[in-house]
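Below you'll find the structure, written out as structure tokens, and then a few comments.
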Amino acid sequence: MVNEKELQDAVEKTVKRDDVKYVVGYEKGTYGFQAKPSFAYKPEDAKKFIFSPICVHNLSVFPMLEEKPPLRKGEEPDSRKLGVVVKGCDSRAIVQILQEKGLERDKVVIIGIPCEGVIDPKKIEAKFPGQVDNADVKDDGDNFIVTIDGKAHKVKKDELTPDKCKTCEYPTPVLYDILIGKEIKSKKKEDYKDVKTFEKKSMKEKWDYWEKQFEKCIRCYACRNACPLCYCKECMVDQLDPQWVRRSVDLSENTAWNLLRAFHLAGRCIGCGQCERVCPMGLPLMELNKKLEKDILELYEYVAGIDAEEKPLLAMFKPDDPEEFIL
Amino acid sequence: MDILIISKNDLPKFIDELIKKNTVFAPIENDDTILFGQIKKANEAKLDYLNSQYPPKALILNQTETLFKFRPGPKGDIEPIKIDEKKVIFGIRPCDAKSLAILDCAFSGDFKDPYFLTKRDNTVLIGLSCNKPGVNCFCTSFDDSPASSKYVDILLTDIGNSYYVEVTSDKGKNITKGASKFFKPAKESDAKAKTDIEKKAIEMIKRTQKTENIAEKLDKIFENKFWKEVSDSCVGCGTCTYLCPTCHCFDIQDESTLTKGARIRVWDTCMNPEYTLHASGYNPRPARKNRVRNRIYHKYNYYPKNFDVIACVGCGRCIDLCPVNIDIIDVVTSAGEVKP
Amino acid sequence: MMENPYEPWLATVEDIREEVGGQRPIKTFKLKFKDKKITDNFSYIPGQCAMVSLLGMGECFFAISSSPTKKGFIEVSVMKLGKVTTALHELEPGDTVGVRGPYGNNFDVSGWKGKNLIFIGGGIGQAPLRSLIQYVVDKRKDYGKIDIIYGARTSKDISYKEEFAELEKRKDVNVHLSIDVKEDGWDKFVGFVPDNLLKVKPSPKNSIAITCGPPIMIKFVIQNLEKLGFSEDQIFTTLEMRMKCGIGKCGRCNIGNLYVCKDGPVFSYKELKNIYGER
């Protein structure tokens, strides 16, 4: 269990620093099992911060969303640091962005929280539908204790956690400035069981499955906008000259979009599952990303988002690479 | 208005009869997602649903709409297309039907949009009342009810063993007269059952949004820092705009090969920074704060100023699916309480 | 079938005149509708705009820069900036484009009869003003004093050079040209347009000022006009926004509850001050 007071103190101390603009963390949502991002600009804002198994979102997308408005004459740009509260998986996104030089290390203050599993919003909505008042969820070893209307329900963790928690190898943030609590070592291993099962299907079965999924896609680009690693200033699909992917919404363009995005994330996706959570039509996007993650591991023995000093996989060249030339 | 009854046994037979003579769209299930799709048999329709993620406005204001075809290039030519599909939308909720009436305002006016209005004329709406509204439904905040027959041609309300049928328009009367063997006149006890169900459904709606004089209140707080706090957590995913039944922004693109092409209209989102980007590089809405504020104002201030109706029906889809829990009920209620 | 406002009419490019060369070239296109019935029925008032499309590339919203008193054709001035305008610049006389219009509101040509008119333009912003200038010059007796203040970055960037030369020769029109930076052979005002305006010092009595140009120029021109004593409803400007439908339906060009394509592009300063929205 995470000590919320310790978290709030750490956030307060960070916000009090002169060189920190704000700290983003979680606060209670507006209904049911929701947690929403909270921005602490002043020390008193730190009291709103919580951490419980409902804090499922990846907040490392926010440092990349900072806009730089045009400056008045003589005005200096605001170069203060940003604080982010991250779980184990979220911290890997920041590390990957640091590897790619999307952010500078001294521009983020990472407040890490060792995480023992969070709750998938869709699964808990299916189990306890129709919750209007905020419900309380606590972590209890192998179970979650969900308190609704005063009554406590004990639910096994495996029933409510998203798939990523079941094979989580990095419960403790891999990089942090402040750690809330003690480091946790993982006993789980990513074995890509679902990917291997799918790989065994015939080509026709695979295409039929994905065609049915891509037909649902409405090209809202929520997956791209919510992903911490999709931060290109101009995405390839917004380009008109040349136009890589058309704007009409049909099976061919939807397939192109989803596959292109998965490939652009190969070797960079850290498996936080934000894209799948955000998708309003319920496309199983993590299945695509996991397959590419497995391929990258087998081909290059590389795991994304672990070491900030390492060079990004597809942007580096070593003399002992198996290929003779960079192409 | 005709008031009739149809038994639960007869309803599938009525739908099958409809399918013989019309193109019928109804809620169907694809994995765990509910959307409106064409049905070929009555049992494909899933009527015990809360609401579809993808709004049924997509059947009238299609996500991708071909405006006309052409032969591209400086020596090109235009080939107009016909717009004449007739359809029946079965099982639409009263809030979604109201949204179509709200969109009518935007697509009429000085320049009438033939694609939207022709389809609107050629579509019959058979609504289904909500017996159990969802957690985030708030249609009652706009003086509407989950069992309102104002914006549909026929409204069905589940009252136990049968459905209470209210036929409000000529289009609806044509349908029921053409299948009159399934319908019987309603009794007073049926009418009371419907009123009871409507009252119970209204009581189930726990969340309300305060929209009194909201347009005037919003006028006073345009530059208030309240909007920065609201929009800080927005990631600009655009989910709210794609699922909202009253959002109507679109993009027009020419898509062509070397020899033929079409000008298409696709849904667009004001949450995208490129939405208002000028060719010179200047962007009047450069930050998320501008865009989130513009969206709320468009629904609660600009639309009422132009057409006298708030462009929100209280369906709650944006609240259900916003990944960062930006809750429009809270945002607008709090905006109304901000001191200017 | 309802009339389809999204379907353009076909027009032939009769003539292309290069106004400005260099990095951001400007060309004026003279367009004539293929169908004579449309040419006869296409009536517009200065200030209104049209959507010109190149089939297969896209559409852009341009101010019609010729006056309706010149019958049989319309002219649009295009600066090469993005995908569609670059393709338009590649056209040759005889090519086909699509035209939709006229859209937007117009300058109040009947309400301004008898008043003194001051036109303040910069760069490509002269295009919508030119329509009104041609109109009032063709109907010279109906209007009072006419002052045209126009500036560009260098003398090569001045649009409509021949027309300005003709206007300068006239005794009933005052033309005040300027360029931003000193140049050999330039004997007129050197400096920014708002400063030229202060030098010309037009009187606000019975006058209307119309300005169009880069946003920063408009801002300072309006400031200086107010310094000279012009009131809010004597100052008019035309705005631009990214547009797609041109008829107030796609939602993108709004400033507050007004759509620039439908309720504009001509706005009085009084209107602009009172609406909330980003511009």
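For reference, chains read A, B and C in written order, and residue numbers begin at 1 within each chain.
In this section, a residue touches a chain if its C-beta (ideal position, glycine included) is under 8 Å from a C-beta of that chain, and two chains touch if they have at least 3 such contacts.
Small disclaimer: the values here were computed from a predicted structure and weren't measured.
Enquirer: Whose C-alpha centre lies nearest the centre of all protein C-alpha atoms?
Expert: B
Enquirer: If every chain is reduced to the average of its C-alpha atoms, which one ends up farthest from subunit B?
Expert: Of all the other chains, the one whose centre lies farthest from subunit B is C.
Enquirer: Using CA atom averages as chain centres, what separation in Å is found between subunit A and subunit B?
Expert: Whole-Å distance between the two chain centres: 31.
Enquirer: What is the distance, in whole Å, between the centres of subunit B and subunit C, each centre taken as the mean of its C-alpha atoms?
Expert: 39
Enquirer: Based only on mean CA positions, could you tell me how far subunit A sits from subunit C in angstrom?
Expert: Spacing between the chain centres: roughly 49 Å.
Enquirer: Could you pull out the residues of subunit C that touch at least 2 other chains?
Expert: 58
Enquirer: Considering subunit B alone, which of its residues make contact with at least two other chains?
Expert: Residues 251, 253.
Enquirer: Given the complex with subunit A, which residues does subunit B contribute to the contact?
Expert: 30-33, 35, 53-54, 63-64, 134-136, 206-207, 229, 232-233, 235-239, 241-243, 251, 253, 255, 264, 266-267, 269, 271-272, 274, 286-288, 319, 321, 323-327, 329-330
Enquirer: Touching residues of subunit B toward subunit C in the complex: what are they?
Expert: 67-68, 70-78, 80, 82-83, 106-107, 109-115, 117-118, 219, 222, 248-254, 256, 261, 263, 265, 268, 270, 275-280, 282, 284-285, 290, 294, 297-298, 301-303, 305-306
Enquirer: Report the residues of subunit C in contact with subunit B in the complex, numbered from low to high.
Expert: 1-8, 10, 53-59, 81-82, 85, 91-92, 95-98, 215, 240-242, 244-245, 247-257, 262, 276-279
Enquirer: Which residues, counting only subunit A, touch subunit B once they are in their complex?
Expert: 29-32, 34-39, 57, 61-62, 65, 67, 69-70, 122, 130-132, 212-213, 216, 218, 220-222, 225-226, 238, 246-250, 274, 277-278, 280-282
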